[in-house]
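Input: a single structure, listed below in structure tokens.
By letter and in written order, the chains are A, B, C and D; residue numbering begins at 1 in each of them.
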């Protein structure tokens, strides 16, 4: 293992233990790791934004010749002046720094919010409304060459009525009383099964993460052993 | 008895934490592997890849960060082994900035070690990370090379042999997503699969998997859910290609501590209910 | 004027993107992809605001003699250190496209030594939180909680070899009581039913919320209606 | 290549001017939009529309009140995603209502965020809320402050804020990922009243298990309307219910047809079923 890899591993192991120490209680080690992580990660994403977006997608698009030294592919591209629009919107956004014209930043914000609402509206209608209705349309009775498949039919009924009852729970216009109350009660049970199953299923993922970390701490300890 | 009751009623969360830590650490030190039979949803993805004609073009997207490595890495490794054994061409990309490191990891750990004869640019290509999240899929759907003007090493995209026939996402035969959140499999389905009828295979953390069940089998060819899914895929792969029996068991080794930790949590749930009912009787 | 123009912008942009999906000729199909890129560029500009805010708030606290001064300094040092290392590319250039995997890069060293371990460690504490939540929340307090408990318990059992062997002795005629069978069916049927209803509800919520935004009925993010 | 100019460059005049394969989507879209508009207009004409109680939202004011009494702060987390997620925007709308309450009660509000754009929008929201209830004197720009874009760095800082400041009420409203349970368990350990709301199906179980109240999916998007008591907003919720009726009838009719196909084997019913189900195809 190269010297640097070893140093990186050591620091990593120490940072891991500092974070874990929070589980016992808040303490100076955790505080240190937390504040360091906040500072470093904020800068990390900022640098990333400059390198993966601002330079290649904005600067290089508007003025390709200026960046050929770092972006070789830019040599052959024509300027794309459409990208002047996000540049302009970005400047509008920065108007927040000057209180007198700060209201201009709302224009940029409005473009973003309009974009989000417009695209979300149709996309969710397609993938989560229409497609999920389509998937729920199934026969309530299943017949195999051996005759009626009671269990499968029952399961299909659970699926269809489960969706219907749970949807009933979400109705805003109706108070949960009487028949509606009864149906939405069943709906809550369906949701509870889904939540319980989902929670139980997830435990595995969370344990996996811990296994990965403990494996990492194992390597960390082993690196001491190797040096001794 | 009273001491026991008191312990239950005032169980400090730190004791729970300690129990979980031990449940994971001890089996991991003892190193025991748990082989598992592939479930239908895993097998169907394995079969779908088996059924692709040789030299098919497959995207392998690394949409996960370092935080879910233990779950996602074995999946990416198994896919890489399977695809290269079947002589498919792998296009490796990442929608997550943090995915680029995992992509390299797969190349270093699996491709270069186990498939030294495979050539970058001919059998597999590292396209790397591009910003844009799901918007990137959107853009790639129209114009692949407009976004990826170079590969991950800075080589012009037109100089790479296996990129010659690619213009849009629709030129690919399958998209495999190894993911742990958003953007991930769901976005690949919404932005590529549903629009271009491109077969999508997912390999995601257990949490994500649950959300994707509704998309199977209509919008999704198959799904590896969490470590268990990965271990099952390893079983399928090893039973068809025994040469991976030695190297290809990452997920199976992690399944040992899983089993013990699950038992501890089950025990905690039982204890929680015992304490609840004892407490109610006391009132 | 200050209020009306943003509302007009939202209306136009929102309507445009709703209709774009139905218009299969240029420029509409490529528009969403292009504007997603704009969004990222805007996020880049916004970093000036966010980073500035982080520095200002932290520095203010230090100046006012906050008891955690030392740690606040750590944040500032970490921030400027990483920013410098990234922008001046210490140890070698960061490749175009933001690939920083080259050996010897300081950016990569800090990522591997501090960023990635902290991130993974915090994420993995979930294993502990999931256990303490299970201990507290899965109690048969009422009917709803009992349903939750039973579903969770069966799924947890189904994920262990123990659960599988527990019911293996059952004859095939009772196979629907076996844990692996129950595990799969709970996931595939009642769970899917619940998830679907939630998804359909969310889709409707999104349609209605988007429409409220596009029509300017909801506008608190622009500062409500009161100024 | 400028995509705006591409229609002029491409000299193929025979485009299709409407995506016919999405005609079913278009029809359903028009149906829903009309229903929602209808109720918004009804509300505008002064018709009283009432909706059922949502327990989690009834508890919001109580939680803010308790924080005030105890002299502790109110923590509001608008999710961990950016403004390009509608849940974040919904979360910010709820923040507007919560901020009005903290201004009225003179409770301390703390809104740490992990996206710069959310910070900008959040500051506008809170400032206007304080202005609206006549307490601009209580507004400070650092109420909404940026931490870091990194999800877990943000979580680490939130955990720190929780154990050190010990807020009496924690609101988690928006798009949440894995951090949901970390936040909810930490909040639980300090004994805060916790009200969560998200449309991330995966995270809902954790909030349901560890928080006092949880807004499930659709309820998150309805929350701002409910809290503001704005008649037009409530009208739009009524319109959503029409969507539910559409969904439920489609499932009932479709499943009955499918069952009839199985039972009768008639090819006429089968073609009827195929025609019906095509309405919900991804490509018509």
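Operating definition for what follows: contacts are C-beta pairs under 8 Å (C-beta built on N, C-alpha and C of every residue); 3 or more make two chains touch, one makes a residue touch a chain.
No experiment lies behind these values; they were computed from the predicted model shown.
Pairwise, the chains sharing the most contacting C-beta pairs are A-C. The chain with its CA mean position farthest from that of subunit D is B.
Per-chain CA centroids place subunit A at a distance of 16 Å from subunit B. Subunit A and subunit C have Cα centroids lying 3 Å from one another.
Each chain gets one centre point, the mean of its Cα atoms, and the points for subunit B and subunit C are 18 Å apart. Put simply, the C-alpha centre of subunit B and that of subunit D have 29 angstrom between them. Multi-chain contact residues of subunit A, defined as those touching 2 or more other chains: 19, 22-23, 31, 33-34, 37-42, 44-46, 48-49, 52-53, 57, 72-73, 82, 93, 96, 106, 109, 112-113, 115, 117, 120-122, 125-126, 129, 131-133, 135-136, 160, 163, 167, 170, 191, 194-199, 201-204, 207, 209-210, 212.
Multi-chain contact residues of subunit C (touching two or more other chains): 18, 21, 30, 32, 34-37, 39-40, 42-43, 46-51, 54, 96-98, 111, 115-116, 118-120, 122-130, 132, 134, 136, 138, 148-149, 152-153, 156, 159, 187-188, 191-192, 195-196, 198-202, 204, 206-207, 209-211, 213, 221-223. Each of the following residues of subunit B touches two or more other chains: 13, 17, 20-21, 24, 67-69, 97, 129-131, 150, 154, 194, 207, 210-211, 214, 228, 258, 261-262, 265. On the subunit B side of its complex with subunit A, the touching residues are 14, 17, 20-21, 24-25, 28-29, 67-71, 97, 129-131, 149-150, 154, 156-157, 189-190, 194, 205-207, 209-210, 214, 218-219, 225-228, 254, 257-258, 261-262, 265. By the touch criterion given at the top, residues 11, 13, 16-17, 19-21, 24, 34, 39, 65-69, 97-98, 100-101, 104, 128-136, 138-139, 141-143, 150, 152-154, 210-211, 213-214, 228, 258-259, 261-266, 268-269, 271-273, 276-277 of subunit B touch subunit C in their complex.
Listed in rising order, the residues of subunit A touching subunit B in the complex are 23-24, 48-49, 52-53, 57, 72-73, 77, 123, 126-127, 131-132, 135, 197-198, 201-205, 207-212, 214-215, 218. Subunit B contributes residues 13, 67, 146, 181-182, 194, 207-208, 210-211 to its touches with subunit D in the complex. Chain contact summary for the complex, subunit A toward subunit D: residues 19, 22, 25-26, 30-31, 33-34, 37-42, 44-46, 78, 80-82, 93, 96, 105-106, 109, 112-113, 115-117, 120-122, 125-126, 129-131, 133-134, 136-143, 160, 163-164, 167-168, 170-176, 191, 194-196, 198-199, 202.
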